[in-house]
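Sharing a structure here in structure tokens format.
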Amino acid sequence: MLTRNHLLAGTAALVALSLFGTAGAQTPIKIGELNSYKVFPAFLEPYKKGIELAVEEVNAAGGALGRKIEVVSRDDNGNPGDAVRVAEELLSREGASFLIGTFPSNVGLAVADFAKQRKVLFIAAEPLTDKIVWDSGNAYTFRLRTSTYMQTAMLIPDAAKLNKKRWAIVYPNYEYGQSATAAFKKLLKEKQPDVEFVVEQAPPLGKIDAGAVAQALADAKPDAIFSSLFGADLAKFVREGQTRGLFKGVEVFNLLAGEPEYLDPLKEEAPEGWYVTGYPWSEIKTPEHTKFLNAYQAKFKDYPRLGSVVGYATVMSAVEAIKKAGSLDQDKLIAAASGLKLMTPFGMVEYRPIDHQSTMGAYVGRIGVKDGKGYMKDWRFVDGKDALPSDAEVLKMRPKN
Amino acid sequence: MSFASIIIQLLNGLAAASSLFLVSAGLSLIFGVTRIVNFAHGSLYMLGLYGAYSLIEALGRTPLGFWSAVVVAALAVGLAGVLIEMLVLRRIYRAPELFQLLATFAVVLVIKDIALFVWGAEDLVGPRAPGLSMAVEILGKRIPAYDLLLIAIGPVVLGVLWLLLTRTRWGALVRAATQDREMVGALGVDQAKLFTSVFFVGSVLAGLGGALQIPREPANLDLDLSVIADAFVITVVGGLGSIGGAFLAAIIIGVAKAFCIGIGTVTWFGLEISFSKLTLVVEFLIMALVLVARPYGLLGKPQAVQRVAADPVPPLTAPSWSMALVWVMLLVGVPLVADRYVTILLTDIVCFALFAVSLHFIMGPAGMVSFGHAAYFGLGAYAAGLLFKRAGLPMEAALLVAPLCAGAFAVVYGWFCVRLSGVYLAMLTLAFAQISWSIVFQWDSVTGGSNGVFGIWPSAWLADKTTYYYLALACCGTGIAFLWRVLFSPFGFALRAGRDSPLRAEAIGIDLRGFQWAAFVLVGTLAGLAGSVYAFSKGSISPSTISIGQSTDGLIMVLLGGVETLTGPVVGAAIYTWLRDVVARHTEFWRAVMGGVILLIVLLFPQGLVGGLKALVFRWQERQA
Amino acid sequence: MSDAVLQVEGLHKAFGGVRAVADVSFAITAGEMLALIGPNGAGKSTCFNMLNGQLTPDAGIVRLAGRDIVGLRPRAVWRLGVGRTFQITATFVSLSVRENVQMALYSHAGRLRSLLQRFGAAFRPEADALLAQVGMLDQAERPCGVLAYGDLKRVELAMALANAPRLLLMDEPTAGMAPKERVALMELTAGLARARNIAVLFTEHDMDVVFSQADRIIVLDRGQLIAGGTPAEVRANANVRAVYLGSAH
């Protein structure tokens, strides 16, 4: 019979096991990765696959410093408090050499600050916030993804060329949407001083009342719309706007809407003619992308999303930093990451010494519809380094030391 | 806004209100009869959307395919509701009040992962309604034909429900049970059958509300939680158990949101006010206003005094000094043997333990359930961060002053809250928490907006994780000991007395509201201490510390451990934090596993972990004797 | 009239246009047992609830020892020396019998605001004395939640006596008790009232109890007083026989 003592002993053993973990052989180099897997699964499932592919390739090629690499992943629940805890766990329990990952801005910024406190390298994969490398930048944090500012800046030439007077703006009400809007207004105003922003709508993330918002925008009679909606908000906005005729005769610019994560769910309703940033995966013919695409499709029997590229390139950045540093010493890693150049599916990128932002570019184009699916047409690749502000401006924003 | 815009936004609001009404009516019905705060109601709505999507794909995008898919999806969701009721809730009707909330929370976790597993992570955009995909021109503006249909469906469903409730025997029973649950039991009605049928109808309404949204909203995994908060607000604003009230409330909130969007940005006296941003919180503002003016919602009635079916709350027993000493010594000793991470996890646990104990103090012995306890935790954390970063206070001073700031908020919020009781009180606390959250979320220049505040690290002498753990242990341990001590003081007894019988308390000269208000301030201050300690342990804080999620975590901890025991909340905080850490690390579908574990605990220990263990020990001792 | 503990004049109360109590006047003196009777719905409970502040009358005067107490909250009325028991017992079920009585004693002494003292250390002998008087001392340690109904009524009585009241308001004090217990409880009450010179106003359904224990009886019907006097007088009153006793017996 199971007595209470047995039960207690069992529980104690279980607790002990989980508390103290299992000390294993230390052969592979561990890289600690954390992300909000369950909060943003649409983006992060492909991202995770990108990571797996990268790890496989790196290890097949002999790893780094003569050791295999291992990426230890944790779910941060989309919550900065949890993120800081799992980051600590990755470092102190798992013996991770440094940290990569994160998705939402607030988590990215919290982990960046943690990295500074802990004096470890952190390569932020996905957070788009400009603050992570500028206003709140620090020596230990690097960021791969083309930032909000950069993606917005990439759309500006087209926006300015149209020379539309009356702009309407809609954005999800949090850091990403706010800074996209701020950057857009600032940059467009510079190019086109007479521009007017006639209406601004800031629906809560994931909870847009699309009908009412579309109506409010239409009431302002704009010539053009700048939107930074994505996900379910975008899908709702597109449908309501189309039904209500909001987009008739109006040019629309939408950050991220060309990313397969957000474009594909729209299927045949993908809004034709919108100017977007995104990832036309089936049409990029560079050797580095073709190699990535083939490997990805062979491994997962699925096409890559932008998240896949981000996951893949993040791990590759980490590995290249290790190789360049020739050691796992944090100072050497930081020094190596600063100015690190590597090849990604989007071509060569460099982590700029000035602000630790990578020069990863993005694809800018317009949405077309073909065979009941949206795709990016007339696209061009914009190198990230051409979409960044001047060094003087960056230095002004970024805190010293 | 032009006249035409006003009309169109009104129609937009009414269309949005329609689905919300269906969901809320179901929630209200279920709550009215069973008194269960059904967290899983939003998950049922989400299943309605997913189900309708799949069925339409299977049946074809024809009018027949579309509408049969909507109906079948709603009925299928009804069956899912029945399943939940029969497999889980039926077994715990006699558990302490609100314990069922824990079970439905677990169901939310499980359903979310099931949906992820079955339908995948990508949003699923459903088709437009066949035959209704066009827009209708009204006053020169276009509005989707489908929206007009939705506007009509709301009153139709209201009418059907009204007939059902007033013209059938089932309806009479439901109304009777809503007024006085025991009376129905006394009338010899098969309560189990009644509950199951109510769950079916309520779930069908949730499923229908979801399925009807398919042309307007992509099926996605965030729908459950985003809709449940709205549904609760509408139910409470309308008055619990009042279907007509839910209808009214849905319209008020739907239309208010549409008008906030329609009005957009306005400049008053040189001050720019964005009504569009107000949509973040407008329903909670309305709820706060309604509840302050009408303590039972718009059309609700004061509830018949519930002589709860459960047994009376057992007396609390004070912990013994020797046991407490053993635990303190164990906790002090852990860093000497365990690794660094254990210390960090324990720091989280002691913060949450104080948070949970302070919540337990108010919801258990003081009898005032708070759904918004994170307000004080979060405001304490923010106060600490802002005093340190912006006001330049030394870290030690910020740590200790911050709880007083949280307490100051509790003075204001508590004053309003103690005027209400039951779920209305709980929802008013939530309203205040959400209002605080939205201000913190929006006020970029001070609070850092959605990003939060960074760089709030402890002073050098406390920077070491072990040292900080000892500080956290000392602060939170003292807090917990203090709260427990107070529970056994005349003040604490007066609160317990007031919970047992407000009537009697008043009749022997106790100013119950005054005591309850003081209790609010006390627990607000101590939750603030927990938040303050937490903030410095993380180095940063974000609005999520004030969020509904944080409040829910607190409730889960208290209920998991056992609301009727003293040490339950501490055990609950420890187990929940530890479980989440372990489960999330080892499994991909950790939410489902977590939900499963909680369900298991719920079914095995309907008094919570500590309550259940106590009962076991008691039975074991009896058998020995 | 000056020796009246409680004096009620012209009490009125209506709920949404429905008259519940109309022009009720009576008085009660120290040491007196006054029964308020009447058929169901006659307005007894409404009347009662206006006396201790739970309801505010639409019109009328309620004087306690000469002082107007209309508009005071129940707790203030209690502070002026009015004890109360309820039709459905209201005790603190999670506390022990002794703690229930101690609660009333602490409250009377204004000592409930302390945060750090231990509750229960003070007023123990006083509580036990009261419990002894109502015959509940042997159950002092039991939680109220497990008591028999009749015992709960006794606990309520002890609590009502804790502030040394000059007036006891007892709403259906014996409802739900066995007939033998009823008489016993009311005899106990009457004894205590006379010994301590407390005025007792009670409503009661059991006519045996009423006629054996009350010094005086007033009869309420459809909100109005229709008779009053000694048990013998009331028994003989034709009005009462018509509207009340006729239907009750």
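Every chain is named by a letter (A, B and C) in the order it is written, and numbering of its residues begins at 1.
One rule holds for everything that comes next: contacts are C-beta pairs under 8 Å (C-beta built on N, C-alpha and C of every residue); 3 or more make two chains touch, one makes a residue touch a chain.
Fair warning: this is a prediction, and the values are worked out from it, not measured in the lab.
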item	value
Centrality ranking, top chain (CA atoms only)	B
Of all other chains, the one whose Cα centre sits farthest from chain C	A
Between chain B and chain A, distance of the C-alpha-averaged centres to the nearest whole Å	31
Separation of mean Cα positions, chain C and chain A [Å, integer]	73
Interchain centroid distance [CA atoms averaged], chain B/chain C, Å	42
Shared interface positions of chain A, touching two or more other chains	none
In chain B, residues with contacts to at least two other chains	none
Chain B - residues contacting chain C, complex	311-316, 485-486, 488-494, 496-497, 499-501, 503-511, 515
Residues of chain B touching chain A in the complex	1-2, 5, 8-9, 12-13, 15-16, 116, 121-125, 128, 133-135, 141-144, 147, 215-218, 220-222, 226, 257-258, 261-262, 264-265, 274, 276-277, 279-280, 338-342, 344-345, 348, 441-442, 444, 449-452, 454-455, 457, 465, 534, 538-545, 549, 578, 581-582, 584-585, 590-591, 616-617, 620
Partner chain B, residues of chain A touching it in the complex	4, 15, 18-21, 38, 41-42, 44-45, 74-75, 77-81, 84-86, 88-89, 92-93, 105-106, 109-110, 112-114, 117, 129, 131, 136, 173-175, 178, 199-204, 206-207, 209-213, 215-216, 218-220, 231-232, 235-236, 239-240, 243-245, 261, 264-267, 269
Contact set on chain C toward chain B in their complex	52, 73-76, 78-79, 84, 86, 90-96, 99, 103-104, 106-108, 111-120, 143, 145, 159, 162-163
